[in-house]
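Lettered A, B, C, D and E in written order, each chain numbered from 1.
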Amino acid sequence: MLIGKVVGSVVSTDKDAKLIGHKFMIVETIADTWCAKRIVAVDDVGAGIGEKVLVSLGSAARFTCDGENDASPIDAAIVGIIDNDSVIPDFDK
Amino acid sequence: MLIGKVVGSVVSTDKDAKLIGHKFMIVETIADTWCAKRIVAVDDVGAGIGEKVLVSLGSAARFTCDGENDASPIDAAIVGIIDNDSVIPDFDK
Amino acid sequence: MLIGKVVGSVVSTDKDAKLIGHKFMIVETIADTWCAKRIVAVDDVGAGIGEKVLVSLGSAARFTCDGENDASPIDAAIVGIIDNDSVIPDFDK
Amino acid sequence: MLIGKVVGSVVSTDKDAKLIGHKFMIVETIADTWCAKRIVAVDDVGAGIGEKVLVSLGSAARFTCDGENDASPIDAAIVGIIDNDSVIPDFDK
Amino acid sequence: MLIGKVVGSVVSTDKDAKLIGHKFMIVETIADTWCAKRIVAVDDVGAGIGEKVLVSLGSAARFTCDGENDASPIDAAIVGIIDNDSVIPDFDK
């Protein structure tokens, strides 16, 4: 999983039918935990802007919500909100 | 998902049989959401040149079109067209 | 998919049994469509040295040849030869 | 697999139900064995802070613990603790 | 597949049960065929230190040895030894 911070979201009206109902959050990578600076991830745990989150990539993203997403074309999902008192190297003091 | 802009397309006459009928769009990455500058993605939502899109990578690309692509050798698919009024960090003002 | 140019091939006599009969082409990435400069891909469409091709990565590579490769340990496959008159950004004029 | 060193952990109270009970370790890449500097991996072998470990990425992470994790949204898992006397290039002397 | 050279190995006594019996080789990438400098791959073809090999990444690694590894948490496997007379760009003369 990568560690990131939710910085925004994008809206897509014309999209694959299996994506209806999903929120697309823009997540900014923290502490060099991914090779790109940002990623778009669906959010099924209710993360808000500014929160630090764990994002699972690849096929793992389809194993979220107890199997409910198993046939959706998603490749990144927010799977947890990081507790405020967790210390992250190179990011928190 | 990565965020990109459709900048062109390529045509392949000699190709795997399961790819017949697909359009291959060249998508340019926006806002550092992927580690390469461009990618070729199949398009099943009807995105046009210049539009901003969401692209799913890896096995997720085969879960598009309600399962119709599940046996195709594709590793990237345009899964949504981003609404014009969505604001993307480091790209839109 | 990435766009590449076939620049050579490698021969492997001692290899996994499921790879017997495959050709291993060295493909050089074009137009920044992948994060590495080259990749080795199996070729089932008959691409020759110097041709521009589409390469599918990951599990997609096993969905080539109408399912014939579905149990082979391959992670990259040439899935199409790009037509000569296709224009590729940052590569063709 | 990548080689890394366990440098910390993160706690997530609000998370996907299938992740309950997992520990999320922050692993720092050693010897340029991955393209990002750090990654968060679940730990089912009991690795401690400071230990050198092998981390499996992608769908492989769900094949840990004899199949017990096969429906969890995890994309990285510590699969082995590296013995102290193993010599790692560019890291150990 | 990436092209690499076997430069060493690591030993892990405490590891996932499904990894018992595997050898973990450190492979150094050749000719810019991967985005990281090294990777740890299981070896089921009997490659020795100094040999040039083909490595399959991701789920492909579990399709080695005629299906015997299909439930192991491995994400990289040496699938072939490259013949000595194969010429590799940017590496061999």
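Heads up, the rule we're going with is that a residue touches a chain if its C-beta (ideal position, glycine included) is under 8 Å from a C-beta of that chain, and two chains touch if they have at least 3 such contacts.
The shown structure was predicted, so the numbers you read here are calculated from the model rather than taken from an experiment.
If you average the Cα atoms of subunit D and of subunit E, the two centres end up 19 Å apart.
The distance from the centre of subunit B to the centre of subunit E, each centre being the mean of the chain's C-alpha atoms, comes to 31 Å.
Residue numbers of subunit B whose C-beta contacts span two or more other chains: 35, 58-59, 61-62. Taken together, the touching pairs link the chains into one ring where each has two partners. One ring covers every chain here, and the order obtained by setting off from subunit D toward subunit E is D, E, C, B, A.
Chain contact summary for the complex, subunit C toward subunit E: residues 7-19, 24, 26, 28, 35-41, 58-59, 61-62, 71-76. On the subunit E side of its complex with subunit C, the touching residues are 1-3, 31-35, 44-46, 54, 56-67, 77, 79-83, 85-89.
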